């Protein structure tokens, strides 16, 4: 973990190109602004490659797909690969339908991704486990999660972030656990999607993907705790959460959140 | 009214599949999470039928249409019919354009809906009255509303919820009025759309559509009143409103809101 | 400036038709409701012309384009021209890609717009200056801004609003500067997009486009200052800002914000 990455993002103001869904587009943009990054959303196949070329990272989120999404995301992802830009992939709800599995598979075949972030069920689906959308959560143990993260990292040759009660980040070799966060975060739509975008911003200022991802996750979870303490309910949690994202710095981020487990 | 349905939704955590518009997608998702339901938004024609099959209710909202919406909504609706899932239809702005009237008519011809929720103008349009988008509101009397609700319920063989200053729910035979709510609610976009989604969640846990709908409307109006008392203006009303939705239980819901009028 | 336009909008409740992007649709709708206008979002090519016919102003925003956007916006814009409705054009990120420049150029060739509102980089792009998305901001001087606004106004025969630290409004002949606003506003996504929609509402009640635009901008900036003073951070700024928009009246709006500079 490099705690001062939170300050580095604010100083560098990286432009993060998001191809994302109609549910979380606003929250993701405001969250990126809160941490000091600049968001851009562009999803027309005619322009995504050029937009990638002026951006510092690309975030692909399959929350609401349509017939052109696969083509658009592959074009954007390949442009990012050619330009050497980091790519985050968020396989939202990939276990729910065959269409999502096909689109995700196609994207991962054609684009080299830097980080995949999802919940346990989504990452399990990517390695062929029979996990329904909400399935894996039930019987999971932390060992299972670590195993899933490791296997997915090896399969896709990238860093995997499995987020939930405890977050697990793995590059297939080293696996680390990140404690923190609160259940309230899961009652706000898009906290996972925004986290993927935040990881994109950290990748834009730190070339070591494990370090970038772990630092982003640790600070994000801390902001969730601080906001939960201030919020009266799910209604005002998002505002408190974005306020905390706006204040998070190296100084605010505890150093004891991360444990290397393998 | 079964007041403990509010607790039942929270216990059952039904998955509500929304095909909805870009304006209210986020608010609808957060509102469903606040009452303890789980939202999923999926609108690709390739996957809606499968998404319906893993969901507990379907909500169709025509707020922002495109060329594929009609086909997608019919496919999803028919899948819900086959699987025995409840379907809520929200004919947003149906009086405003011929295109909306045509799409709504086609959906209602091909899909059996459980509940239609709209404002007076929208429901009036569905039974062929010449009501502009904002038209009926002007000269309406409560008797008119009851008549409109009854006639629409008979025409479409479903439960109709006409929401406004006083809500009217009818299955064509029994008609009930629900008092409550505040004018401030109408100054937040999507309070009607979210209500349709909330009705979907209640239908997922209660097979009597009149009971499910009336209980949802009564509690929703109560949350609006509580939030209005706490809010400084339209800006912070949504946060207070979602907080109240997060707290509403059988205990909080007054029992004297509903009057059977016919 | 006619300060009582803020009250006139509230009294007239104009219906503002927005063809806008997935990021700001909700914020724009709630902002329009806050000032007392009524929003409608409709972007299907099948219905935009009819929706324009029942609306009081049209706002075209190219924040998230797709393959049909150009055709839809031109059809809507031409319907507005024929019906004598004011049209606001917001060239979001027009400097970022060739596709955006082409779509913007085509819209401006086929539709007579009443007001174009953008940041300095966007307006500079429209007159052919080589300004990257975030480019012009760096070395700008106020004289440059005034020159850019004037030239764009003459080129497109409309009123230009360049918004930023100081706002500049020009019809190519008279140019005025509007002071106010805060840097925090730029940390909330869609404050520019909502401002374009607000200008649309003012054009619906005031035929002098310079007066309508300047009055909207001055009050909007004032609301930004009041909200900034109340907000703890970027998270709760939007709620405070919409609250202030809900209260702004002739009485609240200072008279010394506007200076005619040429």
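By letter and in written order, the chains are A, B and C; residue numbering begins at 1 in each of them.
Throughout what follows, contacts are C-beta pairs under 8 Å (C-beta built on N, C-alpha and C of every residue); 3 or more make two chains touch, one makes a residue touch a chain.
Chain-to-protein mapping (UniProt): A, B, C = Hydroxyethylthiazole kinase.
This is a predicted model, so every value here is computed, not measured.
Trainee: Tell me the shape of the graph of touching chains, choosing from line, ring, star, complete and other.
Mentor: Topology of the interface graph: complete, with all chain pairs in contact.
Trainee: Could the interface between the copies subunit B and subunit C be described as same, meaning over half of its residue numbers are common to both, or is it different?
Mentor: Subunit B and subunit C contact each other through largely non-matching residue numbers.
Trainee: Which integer distance in Å separates the CA centroid of subunit B from that of subunit C?
Mentor: The computed centroid separation for subunit B versus subunit C comes out at 33 Å.
Trainee: Quick check on subunit A: which residues sit in contact with 2+ other chains?
Mentor: 22, 26, 238-239
Trainee: Residue numbers of subunit C touching subunit A in their complex, please.
Mentor: Touch residues, subunit C against subunit A: 21-24, 26-27, 63-67, 69, 93, 96-100, 132-134, 187-190, 232-236, 238-239.
Trainee: Taking the touch rule as given, give the residues of subunit B at its contact with subunit A in the complex, in rising order.
Mentor: 15, 22, 25-26, 29-30, 33-34, 38-47, 50-51, 54, 68, 238-247
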